[in-house]
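Two complexes come next, and they have one chain in common, chain A, joined by chain B in the first and chain C in the second.
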Partner chain A sequence: MKEFLLTIDRRIIFIFVALGVIIPSLATVRLPIPITEDVKAIYDTIEEVSAKNGTILISFDYGPGSMPEVQPMALAVLRHCFRKNVKVIGMSHWPTAVGLAQEAFDIASKEFGAQYGEDYTYLGYKPGGGSLVINMGRNFHDAFQKDLQGSNTTELPITKNINGLANFDYVICLAAGNTPDGIWIPFGQERYKFKFGLGCTAVMAPDQYPYLQSGQMNGMMGGLAGAAEYETLIETSGKAIAGMGAQSFVHLIIIAFIILGNVMYFLYGRQKGGAQ
Partner chain B sequence: MSRDQIFFIVFFVVFVAINIYLFGSGSLSADWTGFGIFIAAGITLSLYSFLYKDNPLFKFAENLYVGVAAAYTLTQVWYTVLLADVVIPFSELDSESMSNLWLIVPSLLGLFMLTQLSSAKFSWLSRIAFAFVVGLGAGLAIPRTIAANVLAQLEPSMRPITATWEGLDLLIILVGVVTVLVYFFYSVEHTGPVGVASKIGIWFLMISFGASFGYTIMARLSLLIGRVGFLLEDWLVLPLPYF
Partner chain C sequence: MLFLRRTLPLIIAFVVGMIGILVFYIPHSGAQSLEQELATWDRIVAAFALVLGIYSLMRLHWSRVRRQQAAWGYSFLVFVGFVITTLFAIYNDGIGPFEPQVLNSGPFDWMYKYVQVPADATMFSILAFFIASAAYRTFRARTPEAAILLISAIIVMIGRVPIGASIYQGLPEIAQWMMDVPNLAAKRGILLGVSLGIVATSLRIIFGVERSYLGGGEE
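So, the complex of A and B:
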């Protein structure tokens, strides 16, 4: 038994993790989801934008590899905006986000009857990174002359009065890479001083907290937990809330294995001169 | 036949049998949507088969993903950038409307970059394009990065510390910044007060690494939950209460 515990096959741990995901997914137990201030700040800002019938920009900067974490955020934010009649303009720094963003717009707009061109539009992918953001700040219609469907941005009701980034009431970046701290904050927020919020993968979240503390962004959704909090705020049960039971259950399994590994190490591993 | 070969043959047979049942019972529709789910489930399981052992199914799925992602990116770049911003504006040039003529400059620079792949006779042209990109990139990035990532980050570390919870947060941040900087200051021997500060800095770094690792586990599990949700709900059509 001692030898078995000191040399557990990693595939046994994988089986435990798989069961930890599958069983809670089939069960009907739901854990409470407390709301953090950082997520509430994004919700509150969209409520403020709604009060003045404003327009927000969402930058979809992710891909299929981060879809389970970020797509629920996109859907939750879009549902909130369309429910509150907030106009949404979408764009992407990542080409792999185009299909996912379009899908999110299609789902949310159908649910709330949002009209293309009046309530929302999606501009698609454009390369350039920082220089694109600077160009958007100086002359929005020059940076994006047409949206993804080929309509002129100078003619669409939702975009014709947008001259630059400063005209947006809020900018949200949904990211799986370096676009918030590498593009949006240095080239956009610092220069044009718009309100900026972030939804990002959990891997990115620790590196983004300094920007929250400095006020360069006013809110942040980190990973599936952040998406679940937003779904809770808008009282819509989506994929993020559904995944939180499994998330918590597997975390307990991993903590148990970490404790077991350390106990075995301190009991026996040290006698053999190190970790086994 | 080895144990691994038997394992993968059984896996393949079970996968085919499940799909025959799903299509036969009407759980998966016999159209492109059903076919797409069948393919996606097969590729998902092939990729996760790596957890057992590296195998040809995993290699196939991995290479397929790289190829599909590259092709998808290329089509996006072609339709939204090259076609929309280069080809169409050039095709609309005529004697009356010459406003898009400036596009020749970036287009030529882009073509110069491709000469890197040619013989030495022409490859020197790529240096012009790279010099432009490096010069522009540095000019844009250096002032913006210093303003956003250094100066704007210094300001909150220097706020007055008060006897409140916010003040305690600021004190912790201040101690963290100073001690971690001391840890990375190698010009002085880490003994005495400097050694103490350096050790505190190590603790801050370790806590930071732990938080990053915890978040990384959460991220990877989220991806697993997403795929398991797809397999259970979309492929096996099981009634999941919350998905």
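So, the complex of A and C:
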């Protein structure tokens, strides 16, 4: 037994993790979700933009690998915007985001009857990163001459009055990589002084706190928990709230294994150099 | 040839680098227009870099297939995936490559939705299993520093998910404080160090001290 607990086979751990995901998902475990100030700040800013019939830019910078965490944020923000008549322009620094962003626009626009060209448009992917943001800052129509459907941005009602990034009431980056701190803040927010919010994977979130404290970022949704908070704020239960039960139980399982590993290490493992 | 291989790239790096730095600090409209022009050129160069990247990837995998190295079948699959995806993109659901890419129908969209999305999401989700196993095996309080890290990690892990508040109301606040104060201090220190390193490396490249990007090693 002692040997077993010192060197638990990884397949046993895998089974526990799988059960930790499957059982709460099937049992639809619902837990109260506390709202953090960082997520509430994004919600409040969109409410403010709504009050002045404004336009926001969402940069979809993620891919299928991070879809489970970031796509619920995209859907929640789009639902909030369309419900409050906030106009949304989408774009991507990642080519793999195009299909996911378009899917999010299709789902949310159908639910709220948002009209393409009037209430939203999606510009698609363009390479360039920081250079693209510099171009967008001063000449938006030059940087994106057409949207993904081939319409001229100088003619579309939603984009024709946008000259540069400063014309946006809010910019939100939904990211799974370095686009917020590597592209949007140094080349965009610092120069054109727009309000900037972030939705990112949980693993990225700790790196973003310096920008939150400096005010370069006014709010942040971190990981699936951040998306669940946003879904709670807009009172729409989506995949993020549904996933909170599974995520909570898997975290507990991992912590239980860490504690077990340490207890066994202190009881017996130190003499043997620790469980391997 | 030495001029083309070494001197000219060094001159271009110096001139473009210096202009890039100077226009940032000059608010004159002429300087801003120049910056816009440079940014446009950068995007054009980036597009060509994509072509070079594809060429490099194909050459690497072709060499593996040709030599029949271990797991060369996966390299062959790179070609299969690349050719099929490219053909589907050109076909563009029957309307050709010069029209906007068709979404929500056609084989290109099918490949994205039913091959790339599930495959990529599966790869990422497997991480949860490996993290659990690795945490059990390696996360040991062997030293006081490791013990602090361990306790912090447990508080943040449990405090960031809804069950944390159900266990103890104060846990989310403690987790938030840890992110806002010690985490922020450490991250800012790292960020400043990395940024100064980037500045130093950039200056070395601009002034021709760092030449490894030219390839071929020191001459």
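The rule is short, and it goes like this: the second predicted complex is superposed on the first by the 271 of 276 C-alpha atoms of A that agree within 3 Å, B and C clash if a C-alpha of one lies under 4 Å from a C-alpha of the other, contacts with A are read in each partner's own complex, and residues count from 1 in each chain.
By definition in this document, contacts are C-beta pairs under 8 Å (C-beta built on N, C-alpha and C of every residue); 3 or more make two chains touch, one makes a residue touch a chain.
None of the values given here were measured: they were computed from a predicted structure.
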item: Contacts of A:K239 with chain B and chain C, given as first, second, both or neither; value: first
item: First (chain B), second (chain C), both or neither touched by A:H141; value: neither
item: Chain B versus chain C as contact partner of A:Y265, first or second or both or neither; value: second
item: First (chain B), second (chain C), both or neither touched by A:S25; value: first
item: Partner chain(s) touched by A:I8 [first = chain B, second = chain C, both, neither]; value: second
item: Which of chain B and chain C A:I255 touches, first, second, both or neither; value: second
item: Touched partner set for A:K40, first chain B, second chain C, both or neither; value: neither
item: Which superposed partner A:E190 touches (first chain B, second chain C, both, neither); value: first
item: Which of chain B and chain C A:Q213 touches, first, second, both or neither; value: both
item: Those residues of chain A which chain B touches in one complex and chain C touches in the other; value: 14, 17-18, 21, 63, 65-68, 96, 98-99, 124, 126-127, 130-131, 134, 146, 148, 202, 205-207, 210, 213, 222-223, 225, 247, 250-251, 254
item: Of chain B, residues touching chain A in the complex; value: 51-52, 69, 72-73, 76-77, 80-81, 84, 136, 140-141, 144-145, 147-149, 152-153, 155-156, 173, 208, 211-212, 215-219, 221-229, 232, 238, 240-243
item: Chain A - residues contacting chain B, complex; value: 11, 14, 17-18, 21-22, 25-28, 30, 63, 65-69, 95-96, 98-99, 124-127, 130-131, 134, 146, 148, 181, 185-187, 189-191, 201-203, 205-207, 210, 213-216, 222-225, 237, 239, 241-243, 245-247, 250-251, 254
item: Touching residues (chain side chain C, partner chain A) in the complex; value: 32, 35-36, 38-40, 42-43, 46-47, 50, 99-101, 103-104, 109, 112-113, 116-121, 123-125, 128-129, 131-133, 135-137, 139-142, 150, 154, 157-158, 160-166, 172, 176, 179-180, 183-184, 187-188, 191
item: Interfacial residue positions of chain A with respect to chain C in the complex; value: 8, 10, 13-14, 16-18, 21, 31-34, 36, 63-68, 96, 98-100, 102, 106, 124, 126-132, 134-135, 138-139, 142, 146, 148-150, 202, 205-207, 209-210, 213, 222-223, 225, 228, 244, 247-255, 257-258, 260-262, 265-266, 269, 274-276
